[in-house]
Structure formats: structure tokens, C-alpha cells
Amino acid sequence: MPKQIRVCLVGAGRAGQVHANTLVHHLPEGVLAALVDSAPDSLRAAGEKIGVEACYSSLEEALECAAFDAVVITSPTYTHKDLAVLAAQHGKHVLCEKPMALTLAECDVMIAACERAGVTLQIGFMRRFDPEFEAGWARVEAGEIGRPMLIKSLTHGPGLPPPWARDLRTSIGMLAEVNSHDWDTVRWFAGADPERVYAEVANFKGAAHGVNTPNFYDTALVQVRFDNGALGCISGVCPCEYGYDARVEIVGERGILQIGDLRGQAVLICKNRDQGIITPIYRTWPERFAGAYIAELRHFLECIRTGARPRATGTDGRWAVAGVLAATRSFLERRPVAMREVLEAPVAIGR
Amino acid sequence: MPKQIRVCLVGAGRAGQVHANTLVHHLPEGVLAALVDSAPDSLRAAGEKIGVEACYSSLEEALECAAFDAVVITSPTYTHKDLAVLAAQHGKHVLCEKPMALTLAECDVMIAACERAGVTLQIGFMRRFDPEFEAGWARVEAGEIGRPMLIKSLTHGPGLPPPWARDLRTSIGMLAEVNSHDWDTVRWFAGADPERVYAEVANFKGAAHGVNTPNFYDTALVQVRFDNGALGCISGVCPCEYGYDARVEIVGERGILQIGDLRGQAVLICKNRDQGIITPIYRTWPERFAGAYIAELRHFLECIRTGARPRATGTDGRWAVAGVLAATRSFLERRPVAMREVLEAPVAIGR
Amino acid sequence: MPKQIRVCLVGAGRAGQVHANTLVHHLPEGVLAALVDSAPDSLRAAGEKIGVEACYSSLEEALECAAFDAVVITSPTYTHKDLAVLAAQHGKHVLCEKPMALTLAECDVMIAACERAGVTLQIGFMRRFDPEFEAGWARVEAGEIGRPMLIKSLTHGPGLPPPWARDLRTSIGMLAEVNSHDWDTVRWFAGADPERVYAEVANFKGAAHGVNTPNFYDTALVQVRFDNGALGCISGVCPCEYGYDARVEIVGERGILQIGDLRGQAVLICKNRDQGIITPIYRTWPERFAGAYIAELRHFLECIRTGARPRATGTDGRWAVAGVLAATRSFLERRPVAMREVLEAPVAIGR
Amino acid sequence: MPKQIRVCLVGAGRAGQVHANTLVHHLPEGVLAALVDSAPDSLRAAGEKIGVEACYSSLEEALECAAFDAVVITSPTYTHKDLAVLAAQHGKHVLCEKPMALTLAECDVMIAACERAGVTLQIGFMRRFDPEFEAGWARVEAGEIGRPMLIKSLTHGPGLPPPWARDLRTSIGMLAEVNSHDWDTVRWFAGADPERVYAEVANFKGAAHGVNTPNFYDTALVQVRFDNGALGCISGVCPCEYGYDARVEIVGERGILQIGDLRGQAVLICKNRDQGIITPIYRTWPERFAGAYIAELRHFLECIRTGARPRATGTDGRWAVAGVLAATRSFLERRPVAMREVLEAPVAIGR
């Protein structure tokens, strides 16, 4: 067996724990070498739960005290840029969770830092590693449904995101925190870059949840026109309560393709004919994409080992951020927004 | 439009009301000319509900007082033979519900009477008219899955059958009342006649329902070996509580074919991720086979008009009865029973 | 049985034949009294096929020569207004196919004429009579998923519509010819009227089909904001080749509801593990909504008999037309269009 | 991380490679310490493919030359007993693939040897570790469908088993090689032991595959009566060509439960409305139970570490063998066979 790749995990929250679990229990080729979180309590709790002793309150401290080859960044979006740049400067490979950053300028700095350092930069679009997404893409790529004309991707998540994730000063909103994957998916399957975006959002549940963040929305519907004429549709609902829902539907010139299912398991029960048949639904994203998270991290380690270009690059991450920025401007200004408005004069939302 | 065919319906119970409803609301080419039931209350209630005035307490009375071309028999099994013979003797065409009769001798008498009178005799195997069964059969007949090797057919029904239907003196038991269609289906798809039968039955719920009929069973599992080597499997559960369930699965030399579904409608709802996704189940047989009942009666009227041989003949009905008799002997004597034991020395069960 | 209602059917095309078939074979309470089509060949062919002798080249001629109670209008959209008004003036009840008319002014004239004459005016939104749509609506109405936040409705049809249907001078385009039902559905389930509309369209297949109609599109994606805050999404693809596809998905405050399915029958076959499992798809709209067309016409006859208000009124038809007009302006002018722009200063597209 | 458990894998065939792959790529807590196969070519090829250098031609040789804690036995059935006993005598824990052995006497010897040595003995019923089977069982155990009355379990496999597996001198036939899991499943869900068994088998494809093994069958249908009255049904088809198919259906006193699905992925495509909708099917057993194989081996390592009793014990394996022996006698003698006939006077089939 080749030498294990040592990983420093930054962020001991939910996504961080998913990656930690992968490293400890599923990937013999990697090892969790250090855990970083700026909140002492979270750090201690996660460290004990995961069983890692090398716990640090900052990446700086970890760099000083621990030996590792790569960094996985799962802390809040507003920290991504600095962490990625610091890691790259120390020659560490970077897997950065989505959304990549708050602005296109930040994305550019991250990409440049990793290029300069010659390290791998992968963005956490784990759906690209889900076997169903892979199989769907293989069929589209093989031309089975012809040129994609209409691509719909949705993410409906069960619970309210944390305060920082819904505040436009520390995040770029639910369209990024919840729908980043959809932005990546529609562009991936369109085989083209977005050209024009229109978005409508609605706030149905904020009041009931005591949310008074300005411009809060729990429901979003976005149209994307791609530069090859294809149309994309993204929908986001969060909190949707009913489960974790991530599905894609593509109509091509010669057919239709669906990826994903509400159904979480091939188990069916019926106990009462008035109630009807019951099947489990995916309850959470770690459950829905359990295999994809493992495959994603395995791919990252393999890219580090072989020098291959990762399946989801900084450029892919940057496009998702650009889409979010355009869509946010669209709903704020109630008009379609051309992507070049965002690309040419990068915008910082909420600042 | 050609002249309407006048139908006398014998039996104002549940099956009778299904056929009455078909004649009144769905088949312009037929007309409900008379309704017969020996129970005055049922007769009156059904007559009012259906909106038919020509109500009689016996087929004899109806024959005397009303003009009609055909008889549809939905009364209890033990009445079938005499009614069919009487109808035939008066030149009336006969659609007889399943099970055809209590013994093979009764079946023979019915077939002979209708042949002698030159009238149509159709047995109520309405599944042969269900679009899904028709499509499945078309695929098997076209050789899509090759020669059928293993055919499974099941009927699980929600409620306890009426007392006469579970008493072996007035019925031939649940294997007939509930599973007659399965007997027809496995033979239809095997494209062969049964050769040997083995059955196990169980009584799980009788006590709770206060049933003390001797040899009562609510669960039955039957194996059939056909004379071309194919194997059949029939299961019956009644009362199953959870809905009305009728499905078929056929493994052929080159593939598998499934017909039918638990799911009663393409409606899906999820309100609670701990509960899961809910879809309606078929609640009752009139709901599951609504279209098939209409198509069956339409076919009967068409056979009368054209003289064509009905899709489900007296011979088909007789084979289903033979299977039930063999299976009943099998579970009573705890051994496989060769069909020729039943065919050569016809048996009357319960007498 | 009550007296049969006599129906004059205007339009011997595909939709006309569906209604004719319903009257002749499925509705004992109605009778096809006259058939009208301005094209002599179509008229003769349809008359023979259906078996109706009272064939006329115009509604005027039919009114003169035949006795009937109601008119079913299935001729091209640009003829609807004059036909409905003429029928109403002669005291005939009107069932008019969708789209109701070319302009809001035409809709207003039709509604007024029927009101003045005291006759029933029903619009051909047969999806409201599909058992799955009915069941879905019952659940939404009962509050099972809470207040609808996001409603998606799609219609993808297999074949290219006829020339008149894609020419903005004789039709209001595919958004009306193909997606009228979706306009009705999203408004129905939103329980609110549209407020703002944004549409993108694309032309992927026109060239290959030799279509050079100006502004032709085969792919459309529409967003609707309703006056209660709910968001709607309509998609149309025609010709989509792969089948007839009509599905609805609603996310409410407490859950999700799906109506409809790609799958056309509960039949499943697998013959080759490299190919996978095959199930039938709905091939055409008469197949998908066979039962709904019968229930729709039955409802119309019942409304005539009882004087009840039909489930789909002229007002419902008018709103669908308004939505189409707004969406068409939206994609032509590349901006969101407020419904009041269309409602206050009614627009005739293509004129 | 605790010390890795070192595993010696006996059998470099298909099942062996699945376990090897699990150890190398999915289980950080275990390590593949040695590989054994008596066929030099298979051994060399598998060793290279897997990347293990410690390759031996016998377990004896491995015991001499390599250090390990446990043995995983995947060689042909007739070798199981001697290998398990040898391993136990050297204090190695044993995970033995199904079927456990050829006779009940062999099973008894294996169980006794492991008990004497105080080592873990686990049988390879990996379905017990499949998340769907686990979820199904949890629901049954919680009483959701009441007491199981009827349990159907099927395994249809794509390809012809190897010659040793279909020869009753070196195997106990397809009912063991293909259906061992079903024997375990029906007993597991019945919560009872089998009491009486009846089997029918058929040979449809032997001739076409040039198989002239005596008593060869490719299709089997078995009924099992359990000592609590529940009925079980097992079906086996091999080769079935169309895919790998493993499903369970349980009717309990209060409902129905289904586990498993033909569908191999939540991907759906439709390119042609005459062909219909296509979804992938599970092609092979390693694909269908990929996760279960990992969980099974993880469980084995955990039982070794903690001393816990494995989920699938030698007793479970012995019952499956007993069922096969009874069913084989049943179809050979064309009669139901009481389990006590087999249990009291253990039978060696084919000898």
C-alpha cells in the first residue's frame, strides 16, 4: 500500500465530521492528521467523537505543530479564501467545500495561490461523484438524449441553515449555501456557461422561525440561459421540512433523463389502506450522498498522488459563485441579469 | 348505433352492483333490463340505488316478466350451475362470475347447456381485460421474455369474505373465492395445463374474527407444475387488511416481466421525513380493476353480437375449479396432488 | 334514465375525435347529434370512422338542420370566439377546448355571450378531471402539505403542432397550445392569481423540421409569481419525441406532493441487463388523459342538466390566456412582465 | 486507531476478490495479510490484481509463513469444513462463505471446533448487513406489520454457476449456491425454524448450456412451513440472464413489507416512446450488495475485537444447509419432507 496522505481538516461542524468519518473509517489511503476549529467547545467535542488528538484552534497553529499534506476546508464561506491561500502558501493541497467563496475576486485569489504553489485545488461538488450523477452524465456525454435543451436541478433541504449562512454579510445566501450544487450541475450538463439569469425568491417561513435577516428567503426559483441556447432551472427550498431532496431532470433533443429519487431506500410498507404505501425518504444530505462524499475524498487523494486535475476545479467553483451573484442581483433588482454584468465588474453582495 | 343488448343481472351484491353500474353509466351498447336477487331487502336497496325498476326475486320470474338477451350471474357460487342452465335453456347468453361452480361436474353441465343452446358462455376473469395484463400477455406471446419458466400470481384482499364463501359446503373456499383469477392467470401465461399441485394453508386470523368454519384458512401458498415444465406459484391472503393487491411476475428463459403494482395512483406525498413518502394503494378490487370490468362486459356484448368466442371460456373456468379442488385435497392430505386425480374422478369438496 | 343530451361537435380533428368517441362509446347520457368541420375530406372521413351521419360544413348549417342542446368546440383557436358566441345566441351550452381564445377581449365576449344566454360555458381543462389531479388537489385543499410555495407543472408533447398552432397570427403559440393546462394547474394549486411572469424560450429543432415561422420555439421555461407570494414554474417542450409527459410537483410549507408519472402502465420488463428495466411511457395525450376526457364531458352534461357551475369556467380559461400573453411579451422583450400590463391594456399578439 | 486485524483470505475467486477489495480499499481497521488459493494461476493473477505479496497455495502454508488473526473462507463448499477446523485449531477467527458446508455433520464439526478454540465463527449471510434488509427487519421487529404470515424471498442470478457448484458431489446444488441467502432470510423474518419443506425444480436451459450433470436444475420453487405457522416461499433461477435479482416480500397480520428492488440506480431515461422508459438493473451480486459486503466484514472485525456474537452464526448457517437438504430430498422424492427427517438422521446428498 502506498504511503497514506495526511489530511488536516478545518471546521469541526457537520460537513467536517462527514469528511473526518470518511478519513477514519472508509479511506485506508488517507489519515486524519489534524483537526482545526476556532470554537474550543466544538473542537473538543468533535475531536473526542472522531478520536483524533491533534486538535488546533487555527490552521496557523496546525501548520506549526502537525505534519500533513493536504487541507480540507469546511468552515464558513467567509473564511475560505484566507484558509486556502494560507494552505497553498505552505504547499498543502486544498479541498474546499462549496460555496467556494464570497466573491469572484476571492475565487481568483484562491485559484492563483494554488496554481502558484503547484497544489491541487478541488471544490466540494460531491454530486459529481455520486454513482447516479456519474451514470447520468455518462449517458448524456454518450449522446443518448441528444443535446440538452432543458436542465432542471433542485435542492430542498430539511432544516434552517445557521445564521451566518443566511446573512448576506457572511455568506452569499441560500442560493449558494443550498443550491451551489445545482449551479454546478446545470452548467455541467448544459456543457456551456451561463449567459443570463433570472430569479424570484419568497420568504414563507422566516417569521415563524424568528428570522429577521434582511432579504431572507426560503424559496428560490432561478432560470439560467446558457450560451449554447440551453435553458436551466434551479429551485431551492430550505427549510423544506419533508426531507433532503436533490434531483435532476434533463430534456435533450432526443429524450429525457432523470437522476435521483425522493425515495431513500428500496423498502416499502403498507399497514393501512387509507394511509397508503410508505417508503423511506432521504432524511439528510450526508445520508443521500454518503457514497459520494467517500468517492470525492478518494478522488482528491488520488489527484494529489497522481497530479491529475480534479473533477471539480476552482473554475467550476467560481462559476457557481458567479451564478449566485447574478441571481441575487436579479431578485433584488427584479430583472434578468446578464452574466457579463457580474463577470466584468465583480460584485460583493451585502457589502 | 346498433340495437342495445338487454341484460338481466342476477345477484344484487357487490359484484352485481359493479356490473350494474357499468351497464347504466359506461356501456351505451347495453341496457340493464332486469335485476334479480332472492333477498328482498338487498333487491329493493340495489334497485333504488341503481335506478332500475324491473326487479325480481328469481331468474324464473324475470324470464317470465321481462325481455332480455343475456344474463350476468353474480350470485353465490352454489347457485351458478342451475342459473346458467336455466338461462341457456331460455336462449340467454351467460356471463358467469368466478368461481364457475363447485365441482367439475357442474362445470360440465353448464358448458354443455350453453353449447346445446348455442349461446355464449363467458367466465368473469376480468383480469384478462385489464390493460396491464393485456400488455403483459402481448409481450409474452411475442416471445419477449422467452418461454415462461416461473409464474407467480397473487391476490391479497382486504376484508373477510362472507360466511357462505368460506364454508366448504357452499363454496370451495378462499382458494376459489379469492384466488380464482390467479389460477386462470398462471395457466394463461404458462400456456399449458396444470399437472401437479401442492398447497399449504394457515389460519392466523380466524379466531380474532370469530370464524369457526372447519378448515378455515386466511393464508394460502400453492405450487403448480404445468405439463410443459413451467412452475406456478399462487398466494392468497384474505383478510390482509392493507389493501387490494393483485400482481403477477413471470420469469422466462430470456427475461422477467411484472404486471401490476401495489401503488394505486401516481400521486406521491411526503410531509414528514420520519414517516417517509406516501402513495395511495388500491383499496378494493372494484377500484383496481375498474376499467377491466367495463372492458369485460363490453367484450361479452360484442361476442353476443358477433358470435365470437369469448376470451375467457367455460373451459378456462373449469380449469380454475380443478386447480382449487386439487389444491384443497393437497393441503387436507399434506401431499402433492396430481391433476388427473381430480380430473378423472371429479371430487366434490365438503360433501 | 333521463333524456340524453344531444351534442354537436365542431372540429373533426384529433381532439374532436376523442370527444366523439367518448359520446358514442362511453356516455350513455349523451348522444353525438351532429358533426361539423369546414374541411370536407376531414368531415367525411371522421363521420365514417365515428359512424355519425349528421355531418355539416359549418355550425350555422348544423343549427339549421339538426337538433341539439350543446356544442363542443375543438376547432383551431382563432375560430373559438365566433363559434361560442353563435352557439350561445342559439341557446346552446358550450364546452370550448383550450386555449380559450386569442385575446382577453375575445374571452370577454365569449363569457358575456354565454352569461346573457344563460348557457353553461366550460373550458377544456380536462386535467382537472384526472383522478390523480383530483386526489392531489384534495390533499392540498385539506392542508396536507400546508400553503403551496412552489408549483411546477410541465407538458412535453411528442409531435410538432400543426402550422396554425405555431403561427402567432392564428394561435398564441406553443405556450398556449401545449401549456394551457399548466397555466391552469399552477393557478389552481397556488390558489391565487398570477402577478408577474418571466419566460425564456429556445428553438432547437425548428430548422430540422423545416419550420420558419417567426419567433418559433420548441422549448419554453416560465416563472410565475402569484399574488400570495407562491412561485410557479411551467415548462414546455414540443416536439419532445420521447412521449407525452405531464407532471406536477408542489412544495408546500409542510411537505411535497407529486402528481403524475412518466410511466404509462404498471408493466415492467427486463430482457438484458446491459439495457436495463423497461416500462411503458405514455405515448400520447389521449392515452394519458383517457379517463379525464370522459369525466370532463360527463361533468359538462351534468352541469347542463343541473345548472351547476362547471369546474373549469370561462374565467379560468381567460387567466390561462392572460398568462400566455404576458409570457410571450416577456420572452420577446426579455424582461419580467407584470400581469396588470396585460390585463389593463389587453394585447393581441402577432397582430 | 486500534491495531489492525490481519486477515488471511482463502479462495482467490470472485467472492474472494470482493473481500480482498474490501480489506484493501474500504476497511482501515483490517489488513489483508495473506492470500491462499490452490490454483497457482488464479493465485498469481489475483495477488497481482489486489496487490498482495503474501500468496500461498494452502492454508497450512500460510499458517506457517504468515502472521494473521482471522481467516475468510471463500473456496468451494466442499473445502469449508477442513479449512474452518484447521483455522480454529490455530486460534484463528473464521468468516465462512455460504453455503456453510455439505452436511449437517460438517456444520456441527465446524461449530464445535470454533467453540472449543474460543474463536468467532461468522457465516457469510451478507444480506443481513444490507441497509434495506436491516431497515426491513427493524420494522418487522418493531411489530409494524404484525406477525409475519407469508414470507417470499427470491434470488435470480445472471450466469451459470461453475461446474463444482452444480454437481451434487461437490456442492449441494443451486438451492444452496444461489438460494442460501433466501433460506436464511425466510427463517430470519419468520422468527421460527422450518418444520416442513416442499420443492419443485425444472431444467429449462441445461441442454442449451451443455450441462449434463444429473439432477441439474435452473429453476426452483420451494415452500417452507415454519413451526409458528408462517409460510415461506423461495425461488431460484440461475442463469436468469436478465440481471441479479434479490427481493423479499413479507405479509404480516397487519401489513405488507417489501425489501429490495429490481432497479439498480435512480437513473431513468426515455429516448423512444415505443421502447419506453429505461432504468438500470442490478447486473451482479457484488454490485447489488456492495455496501453489505463491506458492512459484513467490518462487523466480523468488530466481533473479533469485542468478542460479540456475530449477527450470522454457525447455527444460522446450519439451518440453511438443513433446508437445502430437505428441499433436495423433496424434489427427488416428489413429496413434502419434514425437517426432522433431515435433522434427526443427517443426510449427505450425492454420496
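We call the chains A, B, C and D, going by the order they appear; numbering starts again at 1 in every chain.
As a working rule, contacts are C-beta pairs under 8 Å (C-beta built on N, C-alpha and C of every residue); 3 or more make two chains touch, one makes a residue touch a chain.
These figures come from a predicted structure and were not determined experimentally.
*Asks:* What's the overlap between the neighbours of chain B and those of chain D?
*Replies:* In this structure, the chains that contact chain D and also chain B are A, C.
*Asks:* Applying the document's contact definition, name the chain pair with more C-beta pairs in contact, C-D or A-C.
*Replies:* Spelling it out, more C-beta pairs touch across A-C than across the other pair.
*Asks:* Greatest Cα-centroid separation from chain A: which chain?
*Replies:* B
*Asks:* For chain A versus chain C, what separation do you get between their C-alpha means, in angstrom?
*Replies:* Going by mean C-alpha positions, chain A sits 41 Å from chain C.
*Asks:* Determine the centre-to-centre distance between chain C and chain D, using the mean Cα coordinates as centres, and give it in whole Å.
*Replies:* Taking the average C-alpha coordinate of chain C and of chain D, the gap between them is 56 Å.
*Asks:* Could you tell me which residues belong to chain D and also touch two or more other chains?
*Replies:* Residues 241-242, 254-256, 258, 262-263, 268, 270-272, 280.
*Asks:* Across the complex, what residues on chain B touch chain C?
*Replies:* For this pair, the touching residues of chain B are 1, 24-29, 51, 131-132, 135-136, 139, 144-145, 254-261, 263, 265-272, 280.
*Asks:* Touching chain B in the complex: which residues of chain D?
*Replies:* For chain D paired with chain B, touching residues are 147, 149-150, 152, 156, 196, 198, 200, 202-205, 218-219, 221, 223, 225, 229-231, 233, 235, 237, 240-242, 245, 251, 253-256, 258, 262, 334-336.
*Asks:* So in the complex, which bits of chain B are touching chain A?
*Replies:* Answer in residue numbers: 158, 241-244, 262-264, 268, 270-281, 283.
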